[in-house]
Amino acid sequence: MSGDDEPTTDGSRDDEPTADRSTPDGPDPGALGVAGPAVERAGHGHERLSFTRSRLIEEGWTRERLLGLFVVWCLLVPVVLPSFQVYLFTEFLLLAVFATAFNLLYGYTGLLSFGHALFYAAAGYAIALTFRELGPELAGVLGGISPLATLLVAVVLGLAFTLVIAAPVGYLSVRLDEIYFALITLSFSMAFYAVLIQDPYGLTQGSDGMLLLLGTVELFGADVALADRNLYYYLVLAVAGGSMYAMWRVINSPFGTVCRAIRESPDRVSALGVNVTYHQWVMFVVSAFFVGIAGLFIAPLHSIVTPAMSFWTTSAIPVVAAVIGGAFYFLGPAVGAFVFLYLRWGLSRYPAFEAHWELFYGLVLILVLLYFKEGAAAGLVALGHWLEDLYGVYRTDGRSAAIEFVRSTLSEKAAAVRREVGRTSVRGRRSARGQVATAGGGSDSTDPGGGSDSTDPGSGSDSTDPTDPTDRPSGGDRP
Amino acid sequence: MTTLLRTVDLRREFGELVAVDGVSLDIVHGEITCIIGPNGAGKTTFYDLLTGMVEPTSGEVWLRHDGELQEITGLPAHEIADRGLARSFQIIEIFERLTVRQNVQVACVARNDRTLDLTTWLDADEAINEQVDEILELTGLTHLAEKRCSTLSYGQQRNVEISLALAIESSVVLLDEPTAGLNPTDSAIVVDFVNELDERTDTTFVVTEHDMDVVFNIADRIVVLHDGRVIADGDPGTVRADETVTEAYLGGSSI
Amino acid sequence: MFPLFVAETLIGLSIGGRLFLIAVGLSLIFGVLNVLNFAHGVFYMLGAYGAITVSALLLDNFWLGAAVGIVAVGIVGAIVEFGLIRPLYDRDEAILDQLILTFGVAMIVHELARMLWGSQPRSIPTPGSLDFSVGILGETITAYRLFVIGVSVVVLVGLWLFLTRTHHGHVIRATASDREMAAMLGVDVPRLYTTVFLLGSLLAGLGGALAAPLQAVSPALGDQIIIDAFVVVVIGGLGSISGAFVGAMLVGLFQAFGVQYIAAGDLALPFIAMILVLVFRPRGLLGEDEVL
């Protein structure tokens, strides 16, 4: 259940009754990773709303049904969409896996990697090298079926290679935190980039990169091109679907829950008897493994691998996708990847904007960070609830009530947005000055360390001062 | 009288400051020990030393594990916790964006050494959730189980904090100012609660506190820390009568 | 053999001087504000474009152009800090959010630069007053390169004097080591943060403007230089000014010698050095919890 994981970075939502959307009873791969029945809904004053979802479910609109619809859509993509769109959708699926895998570490463990391109590139180069070096050999032995065999071998070798790199890189990286973790992962990927571009052993064709063609399989007398757009799409659909399901299981496993706790408070988790760095390391390797899967299958789609796959701008893609989509939702990064790719595609149709799509990402990124920290996924969830409510009003009170509902909720929302924008700028202005109040108000403590803890309402207590100068020395004496 | 936890001449300096100065204590099974002392007496640092969050400058810490006292000085915090020494924090440290249930789940997963289980669906794991329900029941948090911790009141968060310390089922639980920041009513609830837990479970509690009402309500034994040193140690009656304590701790006025 | 070393040392110091000018502002900002400014590289790029554009179109004087460019970058920096970074200081994940936010700023500035100046690299000649060669131990170097090395030393000494000898410097250092305490003592922390960010951005602009005659300038310059700057500040110690100097000179010499003596190794080596430092001395070679 990731939906209950909404961030309350500034407590801005605390003034509303919290919609409680978790359920204790089992797997529920809901539309946005948000599971559970409608309990209390943030106040629109419509009591009937709590019935809406159960009625919708009665009428067959279960999450399973919605997921099923999405699967059907995915299966139909090659039939319905033109060839280029199939290509774009294939790319989207792989980017979604890339971003979701990255987010296992960022949103679900609290570690921002700026070097995940390393594993993307490592797997991509592994498959390209396998096809170049082993492809002809296997063709000699196996004949017509060899491209398929090569692909299988490449997948195994590629993932093995990714893991072999990820294990030591992760081991060294997770011992650092926050900015230092971001920087060491960045330098690992950049070192790999430098090696690829300089190609000291003449393996990877330097900055030109390597071509990668999957070839044609002769099967039962028919020729099947593995890289055939539709065939490859179904292959990727199966791989991406399997990967997403596996990652969904991981975050809902005991391990995944422990990692989320590590994100919240590493010290607390270690006081529960859990080796924090070891679990971060395991999650690092798991995350790299799924990034490797994305890298493996993106390479044949692009038919080429280049050193740019390991450049830091590639590492930035899942960061942007996760932030825009919403890092606290399981499907947030996938939504972000969708926005990322399709915004670029949409802009590419207007020559004036085409060359400058990064400008829009930059703007969206900043807006999301400043005002919508929960990302697009949260917006979609809210939209979903709103539509349900609207439907409920329509079914019980008829059309005019529904129109009234739309009008009143929209104006409420507009007011809320105005408030939030106002709050942010005011908060900005008093930002650090507010610390004076926290540190000085309520207690006359001279505590050097306790003042940084803004969650300590104990400073208002009328008994003895709970902060304790020697008991909490500031300074780096953590082991 | 089994000794569960022993410190030998435990000392920690921060630069010039000696926060804990040669403390030797035995914590005995079944007794609620209260460690009291004015601000700056070194109570939290003492806990940090016991739990491996701060390394001692010198001295030893021993913990009973598998039936015998073993030295745990210098072990990483998670290994000490794993051997049966749990703690709560004075400044609340819980998993704010997780639900109460998930908070306790994490502790129960840790207790069962299931933290590297990547495939089970946690919410469907009956063994763990039975334990979770027990803990929630015990700490009276059942009705709040599905709430996100950041939405709870301060007193409720305190309760979650204590639940986490309890949930890993250690032989010794160190509570660091469990009533800090609570109003008298909530304080009284916590006190009753600790007394009740002490009777219902086999856990041995050590509590730091500065609220004297609380201390005399729950303590079987009181240890007074002053400037990092133990200046008195004994049952509540003895300590109450001890003049050094009155002098050092209360600046002359009687308890 | 000996003269060869002189040539490489001079080149190394020249590269080091430029690297220091880009890294010092980054390190200063991190040391005081705890913000790793991803947009620092594009500020440098803006400084270079500012110098080129103003001196080519308006004033026909490199020094005036550079001055205008530097001031413009400082203003952009102050606006970014005031408008965008400031609202994030009291978040739980402030450091990571700010990193990602400044990354967004970098994307925007990069694209705006492409719109304004196009993707073609530009360059300007070395300013006439310093366009002559100087002989040192049998090697020659252009006076302008020596000038850049000199400026980097002046900036180092100037900042050091400013931070240790002036009242404002003391206030900045006190705030860097304990924000809450400084606030309690009456320091207007938000304003100080903006000022330091402005100063750091000015330094980025200075580095860019002075580098304009030495390298081709394109909108992508920021993306490359920020990585170099990260390498330098990490090796020297994130948040340390003298560390930035040592790191810059080491990397500069590294690059100058690496090209000669290590086959095809000059690109990867800085990153490997960065990894080694992070693994064995995460606070950097000189890094303490001090801004100096």
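Every chain is named by a letter (A, B and C) in the order it is written, and numbering of its residues begins at 1.
Everything that follows uses one rule, which is that a contact is a pair of C-beta atoms (placed from the backbone, for glycine too) under 8 Å apart; a residue touches a chain by one contact, two chains touch by 3 or more.
Treat the numbers as computed from the prediction; the structure is a model and nothing was measured.
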item	value
Common touching chains of chain B and chain A	none
Maximum centroid distance from chain A, chain identifier (CA atoms)	B
Distance from chain B to chain A - Cα centre to Cα centre, in angstrom	37
Length of the line joining the C-alpha centres of chain A and chain C, rounded to whole Å	32
Chain B and chain C: spacing of chain centres that average the CA atoms, whole Å	49
List of chain A residues in touch with chain C within their complex	9-10, 110, 112, 172, 175-176, 178-180, 182-184, 186-188, 190-191, 194-195, 197-200, 312-313, 316, 319, 323, 355-356, 358-359, 361-363, 365-366, 369-370, 373, 424-425, 427-436, 438-440, 448, 451-452, 454, 474, 476
Chain C - residues contacting chain A, complex	36, 82, 84, 86-93, 95-97, 99-101, 103-108, 110-112, 114-115, 178-181, 183-184, 188-190, 193, 223, 227, 230-231, 234, 238, 263-265, 267-268, 271-272, 274-275, 278-279, 282, 289
Touching residues (chain side chain B, partner chain A) in the complex	14, 17, 19, 39-45, 51-55, 76-79, 81-82, 86-87, 89-99, 101-103, 105-107, 109-111, 114-125, 128-129, 145-148, 150-151, 154, 164, 167-168, 177, 180-182, 210-211, 228
Chain B-touching residues of chain A, taken from the complex the two chains share	1, 4-8, 11, 14, 18, 20, 22-27, 249-250, 252-258, 260-261, 264-265, 267-276, 279, 282, 286, 328, 450, 453, 455-458, 460-461, 463-473, 475, 477-479
